[in-house]
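Input: structures, listed below.
Common to both upcoming complexes is chain A, partnered first by chain B, then by chain C.
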Partner chain A sequence: MEKFLLKYFTLIRVIIAIGIGIVISVFLIYLTSQEPGFSLRSFLLGPFLTRSRLAHLFETASPIIFCGLAIAVAFQAKQFNIGAEGSLYLGAAVGTAFAVSTNMPAFIHVPLVLLIAGLTGALWSFIPGILKAKWKASELVSSLMLNYVAYFLGLYLINYHFRDKEAGFLVSFKLPETAWLARFIPDTRIHYGIILALVFAVLVYYFLYHTTAGYEIRSTGFNERFARFGGISVFKVIILCQVILGFLAAFGGMTEVMGIHRRFLWQSSPGYGWDGIIVAIIGRSHPLLIVPASFFLAYMRVGGRVLNLMSDVPAEMVMVIQSIIILLITAEAFLSQWKYRITVRQAERGGAA
Partner chain B sequence: MEKILEAKDVLKVYENGVIANRAVSIAVEENTIHAVVGENGAGKTTLMKIIFGIEQAQDGEIFFKGEKVHIRSPRDAIRIGIGMVHQHLMLAPDLTVAENMVLGNEPLRAKLFLDTDRAGEITLQVSEEYGLQVPPNKKIKDLPIGVRQRVEILKALFRNAELLILDEPTSVLTPQETEVLFKTLKNLKKQGKTIIFISHKLNEVKQIADRVTIMRDARVIDTRDASELTEHDIAQLMVGRDISFERIPAPVTLGESLLSVRNLSYVNDEAILVLNKMSFDVRSGEILGLAGVVGNGQTELVRILTGLLQPSEGEITLRGENLIGLSPRRIREKGLCHIPEDRMEDGVAEETTLEENFILDRYYKPGFSKGLRLLWKDISQHSRELIEKFNILAQSTKTLVSALSGGNIQKVVVARELSSDPDVIIAAHPTRGIDVGSEEMVHRLLQEARDRGKAIFLASADLDEILKLSTRVIVIYNGEIAAHFQDVSKITAGDLGPYMLGVQREEAVSGKVSA
Partner chain C sequence: MNPLLQSILSAEFGFAIFRVMTPLLFASIGVSISRLAGTINISMEGTMLVSAFVGVLVSAFTNSLILALLAGVAAGVAMGAILSYFHLRLKADIILAAIALNMFASGITVFLLFLATGDKGSSSSLKSMLFPEVHIPLIKSIPVLGTIISGHNIMTYGAFLAIILFYIITFKTPLGLRIRAVGQNPHAAESVGINVNRTRMWALMLSGFFGAFGGLYLSMGYVSWFARDMTAGRGWIAIAAATLGGYMPLGTFLASLLFGAVNALAIYFASLQIPSELIALIPYLATVIALTIYSAQAQKKRHRKVEEAKQVGTIKETT
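Let's turn to the complex of A and B:
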């Protein structure tokens, strides 16, 4: 039994954390709601109750998966680049600009737009990479600062050069239909972006665990001196993983534009880059675990939205509940004492034998 | 005599499941110098950390001056009169000696500001009381390590320590500094202090200790009067069986020079000349030993030879081909391998599997990958072979390195490095801190490699190891070659000593190279 607990400790911890989070949420909902039973149902079951909400779950998960994968690649090399948000924003803005100013058949247009967006993100993320590799500048700081630059650059590009003045909002021109990602389930907005996200999860998994470059990235992350000692070019690894990060994030952002909104309408940054960090932590930077983690976060977000729309629980409290659950899951030290005690007992038993 | 400290049945298990102390009991008599000896990993330091409150035991009791005590932090330990001088000194390098002395007990002016003059006076006063000279107004970072250690000892005494624990105090000292330290300790004993002295150097223990406690495998094996035991007895108790210091037979044939170093100099970031015009050759079929007191440039020399550090001047060639300026990978591809000094920092990635550690230098080569794809099946097969051939105790190729013992981790490193079939082997402290069984195996492997015509460069702080294995020996002192012994069979550790300490030196050795 105890061996089993040790082996699946991480999984058990996540489940317990979710359990505690739900108990706290129930408590908070009872505290703030006149009709707690209904509110609770909205929050926990709401996302599954209608077709459109269920669809919403998939739509929300898709860009989060992309950003989670992006962050995971960098985290695996112990590069704390948090620039997914900036790459996503600028990449999608440039991709949109390209899409609305060109005209070609869909089978070229779609991949080309995605590629342009991805490359923009990659190029953007190359900056913190080279700063780190060459001059040891903290990628955490530079990527964070560059997020602001990317945001305002993207905003400028769309608002001053590609703004649709007839739309009545601050949005870009609508993408030509040749640059749309098709929706494949009737009456929903679920588009091919989610398929691409799942394909990329497998690709990134394969890349990290089954290729030489992935081995270099992971070895550097586990012990940089070890990698250097064995002849791995740490310089190359630092740049490579951040470029991949930028590419994936921007690619994911572009699928959202092409599949859901079909124009660039983010006047404020959508925050998927930050969600990506959360799911990378929950999923322990493992590409295949990031998929369920992203669906879980999407479930939290959609549940929060339903709760907000349908019940009398204030929007602020919805955010508090979401944050508590996420916090519990991401807390590394949570239950570590418990694990330690089991380890001690196991060791003593092993020692006696 | 009164017992000042007694620990009974101490149990300590670390978070990774390693048992460091298993029902350990020790009694220390007042006003003695009590040595605790054992190989690395025997549990000496852990026991001391528990006594000083840095680690908490899961079980057991501690009595201090006959009373049961619960020491939950170093603060508790200091309050009841226990002081500890750590292996890695814990002083603030940018503060002066006096400031470090009073840290945590600062004399204040106007209840707010540090009274520097008073701190200086206190320092001088304590320093005179115990006859330990320190410069109160010098910054710690400007002092040699021996003096820093003295400051730590004084600091503990200033806090009224009656029991002083020193964790491997001599491992960082030169022999002269060790002499001074021993005089100090004997003086302190005269003044009524009790000292626990951790070491794994047997001659030191014989020289200074009254009582000796021997630890092995997380257990106390025995505690006896030092006078009852010979060095050989202690060694035997430490490792659990008879050990041989016998030298391996000299090689039959010596080949051409494979690794050649000429006028190698290195100036570090702090503008200190670490290596000065070193020249030597390592020939096929020999082991060239590099002897020297730790910190005389050995670390830098090894890192330069393996491409991890760039020299300031000089030439290094392997079979006549230049190595300087090449990346570590290119150097390895030319036929050089490296058993690093610090296996946990450089040798392995602890949280990865054995197979991932085995392929570090070869994952990109045919047989391990095809294009970009890693061939995990072949890698596992290769790893199984290495585990078997090098007798590594591991459950599978997917076992994490962190689950292995020190000796087995070193075998992983040695297995990887020797299996790359190199021409030149650079081995730095290849048996430091590992059990005797693994040590013998590493020695045998090096000897076999030698007999197959490899050129081996062996840097070690352990003179017995140097003398046991080497065909020739060079002695490094202050970054220069101080002596060169062509025939090891005729020399003893005593012959090397004066050169290692810089007392003696061969004239014009550094320029001259023997073929």
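Let's turn to the complex of A and C:
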């Protein structure tokens, strides 16, 4: 039992942190709601109760998986680029612009639109990468500032050049049907984006753990000096993981546009880039753990939305809970006393035998 | 004369710069002091947001400006304390912990705003108070200069005092000495008996203290209400300003002035026939450019030092 605890200590810690988060949410609901029992049920069970909410869970998870993978690649190299949001926004805007102004058969149109969006994101993310690699400009600050620039550029592109004036509100033209991602479960909006997300999770896992470039990224993150001495070009690694980050984020954003809305309607940035950071932390930057982490976050989000609709508790409670969970997970010393005691006990027993 | 040039050269433009730079100045002082101790506080965005919210709420319910000020500052210090607890005691990565704190601030303020007012957008239904404007006698009657310097919110003058206070704390107090020592070399500082963690804790709490004023000014001076995510990236621009200013009092001041001017310029550009989206991105783009130029300069300096050291080395070898 104790051996098991030691082996899966990190995982157990994550689960305990999530548990504490849920306990706090129960506490908050009882504190604020007039009918706490009902509110609590809406929050915790709500996402599973109807077919459309369950579908919503999958729809919400898919862009988050993409962004989580994007951030995970950067985190593995210890690059704190938080520019996924900007890449996603601008990439999806440019992808939309391309999709509505071209006409071709679906089997070329769909991959081409996705590719254009992804490349735009990669190019955008290349900027903080090159600034960091060449001049050591903090990628944290520059990528965040570029998020705002990307947002306003994307907004300008859509509102001034691709706006559908007949739609009644500020949205782009509808994408031609040839650029739609098909929905494969009737009466839901679950589209092929989720399948692509899962495929990419496996691809990124393979890339990080079974290729030379992936090894170089992980080595750089583990110890930059060591990597340098080992002959790894840190310059290349920084650029590479930033470009991958931008590509994945923008690709994910585009699948959402092509599969769910079928036009560009984000007048404010959707926030998936930040969700990516959350799931990268919860999933410990491991591509395969990003998937369950994303579903967990999607579950909290859908729960929050149900809560907002059905009860008197605002959905922002979820933001509070998720930040507490992240704080606990990143706190390395949280529960380490406990681990220490088990290790000591194990060692003593080993010594006696 | 070109109308744009005319408005930039006017005294009102000078006034606008000071108005816009006030929150940036407070926040970048906060960032600088934490960075001097070697633990950069990037939760400035959240700190300002929480203080802005607490100030409005307390002033609306107590009708006391003093209580609002105290509560807002206490909230800012508390944010610094939470960050230092998670980073120093629980060994959380400071960047990730600060990102989490920023999310926390964004969520908790809207959550509580909704509970207090039933509105999630802004606190406009609450009757909150404002910090007073100060008209300096004599100076206000001087043409041009009077328009630029006089008539500001008391917080703007407070920001100038804060720069002096920052200078005094850093260079004239034992705490400042410890902060700088810990930032430059924690092991050396520890070897002479300085408690590294406690010093960093103080630095982070001071950082929250200064940031709090920036937040209070935003909701009770710049405008008279709290709106969700009203800091709009100022906490991050402050990090860029602090970096650009080399984390030193005068540098921080000049960098904030620069960003204030760019921001004010963006407001003035709005009078032209340029899409508002393209104007809104100017300050952020300017930040990236300024940060890059600064980093490139700093790198050049480092290279030169290395080259000099190498040359000294070769001279010694040959003699």
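The working rule: the second predicted complex is superposed on the first by the 323 of 353 C-alpha atoms of A that agree within 3 Å, B and C clash if a C-alpha of one lies under 4 Å from a C-alpha of the other, contacts with A are read in each partner's own complex, and residues count from 1 in each chain.
In this text, contacts are C-beta pairs under 8 Å (C-beta built on N, C-alpha and C of every residue); 3 or more make two chains touch, one makes a residue touch a chain.
What you see is a predicted model; the values in this text were computed from it and never measured.
Contacts of A:A293 after superposition: neither chain B nor chain C is touched. More residues of chain A are touched by C (comparison of chain B with chain C).
In the superposed pair of complexes, A:R225 makes contact with chain B only, with no contact to chain C.
Legend: residue contacts after superposition of the two complexes on their common chain; A:N159 is shown touching chain C, with no touch to chain B. Contact with chain C, but none with chain B, is seen for A:I324 once the two complexes are overlaid on the shared chain.
Residue contacts after overlaying the shared chain place A:H210 against chain B, while chain C stays out of touching range.
Once the two complexes are overlaid on the shared chain, A:L175 sits clear of chain B and of chain C alike.
Contacts of A:P314 after superposition: chain C is touched, whereas chain B is not reached.
Within chain A, no residue touches chain B in one complex and chain C in the other. Residue ranges on chain A touching chain B, taken from their complex, read 210-215, 218-219, 222-223, 225-233, 340, 343-344, 346-348, 350-351. Across the complex, chain A meets chain C through its residues 32, 80, 82, 127, 131, 134-138, 140-142, 144-146, 148-149, 151-153, 155-156, 159-160, 274, 277-278, 281, 314, 316-320, 322-324, 326-327, 330-334, 336. The part of chain B that touches chain A in the complex is made up of residues 11, 13, 15-19, 22, 58, 308, 327-332, 338, 340, 345-352, 356, 359-361, 363-364, 369, 372-374, 376. The touching residues of chain C, when paired with chain A in their complex, are 42, 86, 89-93, 95-97, 99-101, 103-104, 106-108, 110-111, 114-115, 120, 233, 236-237, 239-240, 243, 275, 277-278, 280-281, 284-285, 287-288, 291-292, 294-296, 298-299.
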